[in-house]
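Labels A, B, C and D are assigned to the chains in the order they are written; within every chain, residues are numbered from 1.
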Amino acid sequence: MRRYLLMLLGCLAAPFGSASSAEHWVVDVDHWGSPEYQSLLLERRGDALSGTLGGDPLHGRGDGADLAFEATDARGATYRYRVRMDGDALSGQADFPDPNDPARRARHDVAGRRVPARGAAVPQRHEYVPTDYANAFDPHRAPVLTIWPGDTVRTRTLDSGGVDAGGATRALFGNPQTGPFFVVGAEPGDTLAVKIERLRPNRAYADSLDAIVGRALAQPLVAEAASLGRPRRWTLDLARGVARPDAGGGRLEGLEIPLRPMLGGLGVAPGFGFPPISSGDSGRFGGNMDFNEVVEGNIVYLPVFQPGALLYLGDAHAAQGDGETTQYALETSMDVEFGVEVLKGAQIGMPRIESPTHLMALGQAGSLDDALKAATAGLVQWLRQDYGLDLSEAAQLLGAGAEYRVATLAGRNAGMVAKLPKSMLAGLPRTPPPPTHDAR
Amino acid sequence: MRRYLLMLLGCLAAPFGSASSAEHWVVDVDHWGSPEYQSLLLERRGDALSGTLGGDPLHGRGDGADLAFEATDARGATYRYRVRMDGDALSGQADFPDPNDPARRARHDVAGRRVPARGAAVPQRHEYVPTDYANAFDPHRAPVLTIWPGDTVRTRTLDSGGVDAGGATRALFGNPQTGPFFVVGAEPGDTLAVKIERLRPNRAYADSLDAIVGRALAQPLVAEAASLGRPRRWTLDLARGVARPDAGGGRLEGLEIPLRPMLGGLGVAPGFGFPPISSGDSGRFGGNMDFNEVVEGNIVYLPVFQPGALLYLGDAHAAQGDGETTQYALETSMDVEFGVEVLKGAQIGMPRIESPTHLMALGQAGSLDDALKAATAGLVQWLRQDYGLDLSEAAQLLGAGAEYRVATLAGRNAGMVAKLPKSMLAGLPRTPPPPTHDAR
Amino acid sequence: MRRYLLMLLGCLAAPFGSASSAEHWVVDVDHWGSPEYQSLLLERRGDALSGTLGGDPLHGRGDGADLAFEATDARGATYRYRVRMDGDALSGQADFPDPNDPARRARHDVAGRRVPARGAAVPQRHEYVPTDYANAFDPHRAPVLTIWPGDTVRTRTLDSGGVDAGGATRALFGNPQTGPFFVVGAEPGDTLAVKIERLRPNRAYADSLDAIVGRALAQPLVAEAASLGRPRRWTLDLARGVARPDAGGGRLEGLEIPLRPMLGGLGVAPGFGFPPISSGDSGRFGGNMDFNEVVEGNIVYLPVFQPGALLYLGDAHAAQGDGETTQYALETSMDVEFGVEVLKGAQIGMPRIESPTHLMALGQAGSLDDALKAATAGLVQWLRQDYGLDLSEAAQLLGAGAEYRVATLAGRNAGMVAKLPKSMLAGLPRTPPPPTHDAR
Amino acid sequence: MRRYLLMLLGCLAAPFGSASSAEHWVVDVDHWGSPEYQSLLLERRGDALSGTLGGDPLHGRGDGADLAFEATDARGATYRYRVRMDGDALSGQADFPDPNDPARRARHDVAGRRVPARGAAVPQRHEYVPTDYANAFDPHRAPVLTIWPGDTVRTRTLDSGGVDAGGATRALFGNPQTGPFFVVGAEPGDTLAVKIERLRPNRAYADSLDAIVGRALAQPLVAEAASLGRPRRWTLDLARGVARPDAGGGRLEGLEIPLRPMLGGLGVAPGFGFPPISSGDSGRFGGNMDFNEVVEGNIVYLPVFQPGALLYLGDAHAAQGDGETTQYALETSMDVEFGVEVLKGAQIGMPRIESPTHLMALGQAGSLDDALKAATAGLVQWLRQDYGLDLSEAAQLLGAGAEYRVATLAGRNAGMVAKLPKSMLAGLPRTPPPPTHDAR
């Protein structure tokens, strides 16, 4: 939390793009049908061009709208571009080395769009009312809104079946997502921090099942469980903050459980070379994490793989036990408010969640065994990066006080969470946040 | 807890063995080198014998110390015994059907010992100072103490390395156990309830490692972790209830963690056909569960596989994170006080732990994936047996509020726990405890 | 093999589409941004329309190019279309029930294309020289060729890095695929049989690594393996049918291994609701299976999820051990010839491979444990569907003679294969191939 | 095979114990109830004693039967013994350092037995007719026969239910084992090579089930499989070498499968600190491996953990598919002939099997995923130890030609086998067998 505040301050002092006269474009190069997106930061002195493309230095010459420049990567390979700008769009061609044969070069089409300039220097509050939704964490989908570190956004999510607050289907089933939001200044290798400021159901019911997912189902129960999987509707009593199953009678008569609204889906677009990823899937980019600590007041950290991060969110649950063992939790539509920050150069291996009391690293893999290993590595990485512990010290802390929780059992990935109470870190000498953790 | 109190009351009213004039023996039949133990409850009317052997009815004739009787099992097979009693011991021979060929019969040697009669009808408080220890959950080891449902026992455990309160080695490394305790009235098919009444370290240090166990170690950390596994001593400040690592300097300087003493080992003897099981292993019988909720105030339920259950305990930890990721937690010697109850005929599939706030079922298997399935099945079984829920209702409760925790990552079995807050059950209609759950 | 021949004969007798005057279109309905493809088989009698859409019966009226019709699904829901045809394209609108609220209906855009009529009644041999490639098993990509059951195709594949026979990069890395091929008559619920008629490297080298993939790497080797993953080139001696590692010296000097060319990638497009799936991924649709029995002379069976199946192939290996433990096998470009058949209504749960000597079912999952279970289920399904065995009989065959092999360890899915020698089936009474297994 | 022959020759030249005048005893020290066994090789010059105890040098003085000596381990700790010999037995006391506190020492009882001297220098053929059987791989069980490297033994095994060639039950169910055989010269750290010379059923039937074990059972089959698990008897036609299921009728009528007799159980005793291990369990020591390549003509290599290795064998199958998916394979009683060799100082991490055509390493763990990693490591270790390959070279061989097979799915451990054809190694420069691989 403390760090999040520092980020906010850092952001106020130096919003991305405001300190320079650089033009900011997102350029895409067509690699035999697969686009690669990169931020082009372009400075002009007369007709001399300088700046960076995907972080690599460039130089060239530009006569108004017609530009020719060359970028050089860390290994010395050169990438030549010839483009024409037309308002907020550009197009042209690039000449690249053949990646498998240095003696050859290959031509690629180039397109691009200008990143809007920021309206005001202060953090903004945006309102975004979605009209369509994404069924994938898709790097190719046009941003629905451009925002800046420090900004907050109020918007809405459909339930996992695509149903809105009024009960009408507005998108295809399968966790349709609101977004993507383009976060100016978020670049591959950075970390995006998303603070869930507010998360409230906006209708009076949720839909669930009486299922037990395969990952939780031991063989003695399988035969009997064949009759499960039936729809179950719950009434959400928003005033009292509880949910009740509608199904009349039975032994659950009188059951009330506290609402604890959470976002099942929160993810950024995957990187170059990946196709759009189903909104039912998850990975290092976040996605359909279905973790019941993605709640109001907590911060989710995600690694960035595309310029602008391209943040998606959806699939909110009014409440959910660990693992979403019913396959559908209490699925409902939601009002959401979130803020964003960017941690420049802070490379994290997987999603992290920070609550007022705990650090949590989310490992996701094809088995719980592999997911737990990943989660442990994620928590160790956090302790090393932000608290300066060595591996031995991190190991001792984990042995004395780590907690492991299951995030999800309902997806292709299982999710396992390694947690550490912040109270265990309270007495330790503080590590000055490394300079790269500054919001700029 | 309520049920535990009911059990206590039930036990006061009808302690095992006191309501009848039956003699109680434990008889063992040698099956080609493997002993099978059964309770013999013997009634005499003149020289006519009746009663049960391992629950099967018997009848015969006995001329003082020389007895001949025949037991008949549920499938109608007959087992003939001819034994002589000599004080509190008996010996003789049995004639059994060949298990693989009904046309043949086979001879087996028989031995036995008399179960002591209870000194007093009221629950007793026993003090047991161990002089030797068991490195296995061993069905063949002679009981160190005979106790009755409702009794409590004060005793001690060594640390996992066999070291006592004074720092001297008193047993072989590998979680040497105190016990076994023979609980009169506990028979195969019953459930033993062990309430941890008091659990306190009795020395001022604990020994640990700075390791990360293989089950928690992702490949990127493996190379670096090769240097770990070094001994780390912690000071236990019993007055303030905290532990501090001794190793001077480093970033853990000033670290203090709260003591939360737990029993890593708590198990009963395995059933007929199993050899002694290493005190480092675990299973349906409990054993080296290494679960950090086996703490003062909680109740552990274990299925019974041998007459008298044969309860062992050891391997206490002053504190432990989930999973015992350091392979050795904060290992220390301990003063223990526990009470026992017997739930007659209450067949449970695996260990259960009950705290003031939660029901917990412990699944143990060769992978976390299988352990989680087992834990879920165990919690479902509990909800069905004691709360009368059907599978659909149990599924909905789990989906809305189950929690999953890791018990242990440090053994051959991984342990995973499915938990449910009792608060979720508070509003449900109560199931009258089935009559078989009576303490008799 | 016998069955494959029967299919060929069946196909000659009744090629899809030739027996009727129906027009064949592929119609796509835009579900809030996600297209659903269905085959429209349309019959006209005057201006009365009949036929099927996605298998559901339709009726309507059509005045030349302007058509209005209504399809009804098995549950009685009605789907109304109003479209205009323009040459080989159509467009219009559909009116569908709201899937979550029967009282509402929703509008969707409709487009479509005409499936070409077959040029000749006899099976054809096609030659297809690819000019671009797909980096996903993509349901939305336009077919590169339309073919009919019984046809064969000669084409080429790039290596997994996108490099062609001449050493030039022609596509993005990551297993670029040749295709898709639209197989007329293949509909969701059918099975596509692909016979690999010929598979030969078309250049004299292959690229590999000296890696050990994570799924095969035990902890004691991890530290040392950190230095692995280096490129290794192999010379392919096509005349002698062997491969030799280029790397001079060392103990592998003189090593020669036999070529056994295989297709790592062979898959159909996933069904409605799925985004394009990375050409590095696999599933029930096949895909990047990396199984070293996808070789010349064997038949691969895949379930069909889209009209025309949309078959892709690529990522050929000159040779590969089980599991592709080096992450890259001997990657090279290849000349391929394959034939296709369609088994109408033969629902198979996962890919199957048939060799002259064995039946093989391929299970794929996030762990080997789950993959093996799936593979076993797949083999049991085969024995039941085609040999009429009941579960008990299948179990006994497996217990007496099943073999398990690893397909791949190199992907997100692990692949495990359950095999049965055909010799074990030779003495069994034959099941007449059920009528649905006919090629039409 | 070549190496095995070399071993045989080595053995002929220098049988263990024949080259010196040392007395050979097995001494056991009681560590608080757990015996530790060590070989004592004792030389006397006058009343001066020298030699080794468990490999550590000793010196002392002995007046006939009363000896006092002191052994010193590699870290300089001293172990003092005072024993009296009485014929072929000895007894006494030892004074050891406290393992947890160097300032203390502890007393332990000592016993021992003399290892018989070899009758003749040439390899012997032993005949051993068992009269009782072991239901555990038990380090404490007295040897049934003492043998020497190069010797062969003819004996018999019961079926897994304890039934002999005549159909009578002779031991408790659960894979009763014949043995243990004490192999003179086999010491902890060595490798025992067991060549299966002959393995033939000695009765005309086998017992099996129609089950599918849990590890092979996918959820869609579970409900239906609940009715399985029924006994199935097979007729063994020993003359024709085939097995036929007895169960009349059904589609398996006419099924014949070839006999391929194998030993399901083959193991040595576990090391100090372990209790006896159930004959249904497996591990690095071998045990209930249930691998269908433990057949006539193959060699099994096992690591040695106790003086004399203490070899057990049992649970033979007339035939078995991979994985023993029926839980019981074709269980029958067997005539066995095996030879033994000792590879001094050749530390192997797990069981290995060598056939005329393949090297095979057997990984065993709680999941197939972990077992496969172990198997790969085992095969890599073999290639490094015996063929001098480095890790990169081994990785390339595996990638080009490794095969993975499932050993067992029926036990607590899953077993997975990594195989390499010897043909791939044929062209490689030979590694001179390291001197430690000599039979002495």
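In this text, a contact is a pair of C-beta atoms (placed from the backbone, for glycine too) under 8 Å apart; a residue touches a chain by one contact, two chains touch by 3 or more.
Because the structure is a prediction, the values reported are computed rather than measured.
Any chain touching chain C that also touches chain D appears here: A, B.
When chain centres are defined as mean Cα coordinates, A lies farthest from chain D.
Annotation: the chain A:chain B pair of sequence copies touches via predominantly the same residues, more than half of the used numbers being shared. Centre to centre, using the average C-alpha position, chain B and chain D are separated by 33 Å.
Taking each chain's centre as the mean of its C-alpha atoms, chain A lies 46 Å from chain B. Rounded to whole angstrom, the centroid-to-centroid distance between chain A and chain D, based on C-alpha atoms, equals 54 Å. Multi-chain contact residues of chain C (touching two or more other chains): 217, 219, 367, 369, 414.
Put simply, chain D touches chain C in their complex at residues 208-212, 215-221, 224-225, 227-228, 230, 232, 243, 245, 250-257, 319-326, 329-330, 349, 363, 367-369, 372-374, 376-377, 380, 387-393, 395-406, 409, 414, 416, 424, 427-429. Those residues of chain B that touch chain D in the complex are listed here as 31-34, 98-101, 104, 106, 132-136, 138, 161-163, 167-174, 176, 273-278, 365-367, 369-370, 412-414.
Across the interface of their complex, chain B is touched by residues 214, 217, 219, 222-223, 226, 367, 369 of chain C.
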